[in-house]
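Next, two complexes with chain A in common: one pairs it with chain B, the other with chain C.
Coming up: the complex of A and B.
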């Protein structure tokens, strides 16, 4: 407990990376889920007469639907795995709750950003989706990913000690991330040329505010249930 | 004596409430039709529809307040912490009831005015998400058998969910791209859309609905807390209501010769018969 905050957060982050590289659960589950969903969407659209506008709407919503479910599948694992492996008590003895939360949240943030970029890249490459405002497109993906990370990480922490933890984490996180998902779709639609660009920037600002608030509240909430 | 007096008072309140509801229902049909509705005569469901989301939000706020109070109370004061949890649960219970009532009354309103029960209007689905969020609170409660852990984790969930709920109710429907595409009118109450008799009827119904919801809330809190005290053996039951300390079960036993003797109950009956 004598170490500094950044050192503790860094240690938790490296622990998460090491665990992920050893098991590759998140990478394999999330990556496979993304690929399968994109292939399914592409198969469903094959030979269909979808116009440019229809394709844009389908792609923008599909990107967020895939990121949403991939996040719900993979992100709570950071907390759930601790309970399953029985390492949570050790963590409680060696680190402070805020540091644990931030270490895991940063890891989840990187994971979500990688997944979102992978999904969006595949959609752009495979479907020929035209991105008119690349900066807005990228920022919407990252801020939306951050908003989802805040909520899903908090829900993972809440559900981690329940008997049906994996199911519960998904069930309680999903309703909370539908709203940022809605903004994310609006932002991507504007970035691909639908409506006014101002609407896209507004959506992105909303996502940033949502992410900031959840990431500010969630560590405090986690600290309160840390030793219960 | 106290219990009888309380029950009498409760009965009187119930009659008074029934009379007031009947009165205000008649009054709502006497006020002139509202303008700007496709079928103004059916728009009177408005009087019962709007108090539901108002009460839902109030109870959500009350739930969040007691969830916060739970965490701010020292861990040593278990009784006070559990009382906070009981209050938060009761508030969320009522919030859920009012959220469902909002959706159901909104669907009837939607059928009458727009010709369809469910239109995927932004207001409709944002409220549906609110119902799902509150439903998830009860999923969290059901997942923890230990009362203290249940209280702490469900309070944490309420605090996490409060922001998205308020966003979905107060921000999302008013966003430029959403408000313009929604059929649902906005700013009816705060924009001065209610005037004269319509406003008075609405305020009376709101008062009545709030009255019954506060009454239900208090009963629920009492029931929740009694459950907790009963589970912890802290409840003092009145001697006349308490179960007997020892239970005598009738059993057949054999004496030294293998002959069966009478069970205690039979023996008891025999004594009373001889008497």
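Coming up: the complex of A and C.
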């Protein structure tokens, strides 16, 4: 029997997509939250010129707050749900921990990217926020989403065996996520012309490094918890 | 095949069992007996690598427990939205072995229910699916926890056939209090609890 890592990771990824498409838990939880908060923010900013300097900063941070909370609501569930519904034993019997981690992390990366693009797109559309550097805007969203995914996924994996896992995952993730949020805001500020472009690129570098670091370390921590 | 050496398991301060030492080799059918709460299921989970021992060690002479051990138990949860066939195919893909879905569905008598989500299966059908998943990699060691518990007469006959076949090519470990299931035993281990 020969098992290849890509095939195992693809199998876990397929399971996550199939489960989400059938239950729509993440879609409903995260999607509804995003929609309600964006509409609320857009209503509050109605008739305001959001491209004034001060309001532009507020809008950039608003986008990240919405993405952050939607991520914290939905991402840890990929690991926590296995323990809650008792299917973690089935995974432990058949799969390797690194394959499980990467399958779920890739699913979370795709989910967060879609969420970030949806949030930003709706926000820009409803408020009229001007995007001066679209490529930087897009890359900042994707790299920031990846950084958030790395942290929240790692915390979800770590907290999955704990008694009060949902609360613990969020509690561990939130302080770790402050730095990426600041970089994310800095990146979007530059992309909307409120800051210097080089600040935006530096922020993105920080976000990519954060994402890479968390996603490289987390599988090893998860593998240790897997055995205990 | 598997050597259990001075194994003990505790939960909190309470020891379920201590100092267990035995070996299971090819052709052995070890039946684990004991009253409710004596640790039969826990012992099987230890051997299946689902739980770590609190003391002692479990050693295998095969490379990978996930392809050389088949495990089926009542409390093994299934993915509610996944169909019967999808469970077998998923397990095959993550294990890296052929899913043998058609063959196993015929064997366990779920060919007609292959497109049914597991949440809609009866407890007996779920038990059959778990047997199918346990047999999929043609395991060297088959661990069955109260295999006949949810099954009808046909199902128990199925389990009997599976156990007989397993003893020809591998080893079997069954946790049970059912006298019919004790018939497969070449050895017995009673946990005092």
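The definition used in the following text is that the second predicted complex is superposed on the first by the 220 of 228 C-alpha atoms of A that agree within 3 Å, B and C clash if a C-alpha of one lies under 4 Å from a C-alpha of the other, contacts with A are read in each partner's own complex, and residues count from 1 in each chain.
Following the convention adopted for this analysis, contacts are C-beta pairs under 8 Å (C-beta built on N, C-alpha and C of every residue); 3 or more make two chains touch, one makes a residue touch a chain.
For clarity, every value in this text was computed on a predicted model and none was experimentally measured.
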{"item": "First (chain B), second (chain C), both or neither touched by A:35", "value": "neither"}
{"item": "Contacts of A:210 with chain B and chain C, given as first, second, both or neither", "value": "first"}
{"item": "Partner chain in contact with A:168 - chain B first, chain C second, else both or neither", "value": "first"}
{"item": "Partner chain in contact with A:155 - chain B first, chain C second, else both or neither", "value": "first"}
{"item": "Which superposed partner A:114 touches (first chain B, second chain C, both, neither)", "value": "neither"}
{"item": "Touching both chain B and chain C, residues of chain A", "value": "228"}
{"item": "Residues on chain B engaged by chain A in the complex (per definition of touch)", "value": "71, 126, 129, 132-133, 135-136, 139-140, 143-145, 148-149, 152-153, 155-157, 159-161, 163-164, 167-168, 172, 175-177"}
{"item": "Complex contact set, residues of chain A against chain B", "value": "151, 154-155, 157-159, 161-165, 168, 171-172, 174-176, 178-179, 182, 186, 195, 199, 202, 210, 213-214, 217-218, 221-222, 224-225, 228"}
{"item": "Footprint of chain A on chain C - complex, ascending", "value": "48-50, 52, 66-67, 69, 71, 75-82, 86, 90-91, 93-97, 133, 137"}
{"item": "List of chain A residues in touch with chain C within their complex", "value": "1-4, 7-8, 10-12, 14-15, 18-19, 22-23, 85-87, 89-96, 99, 227-228"}
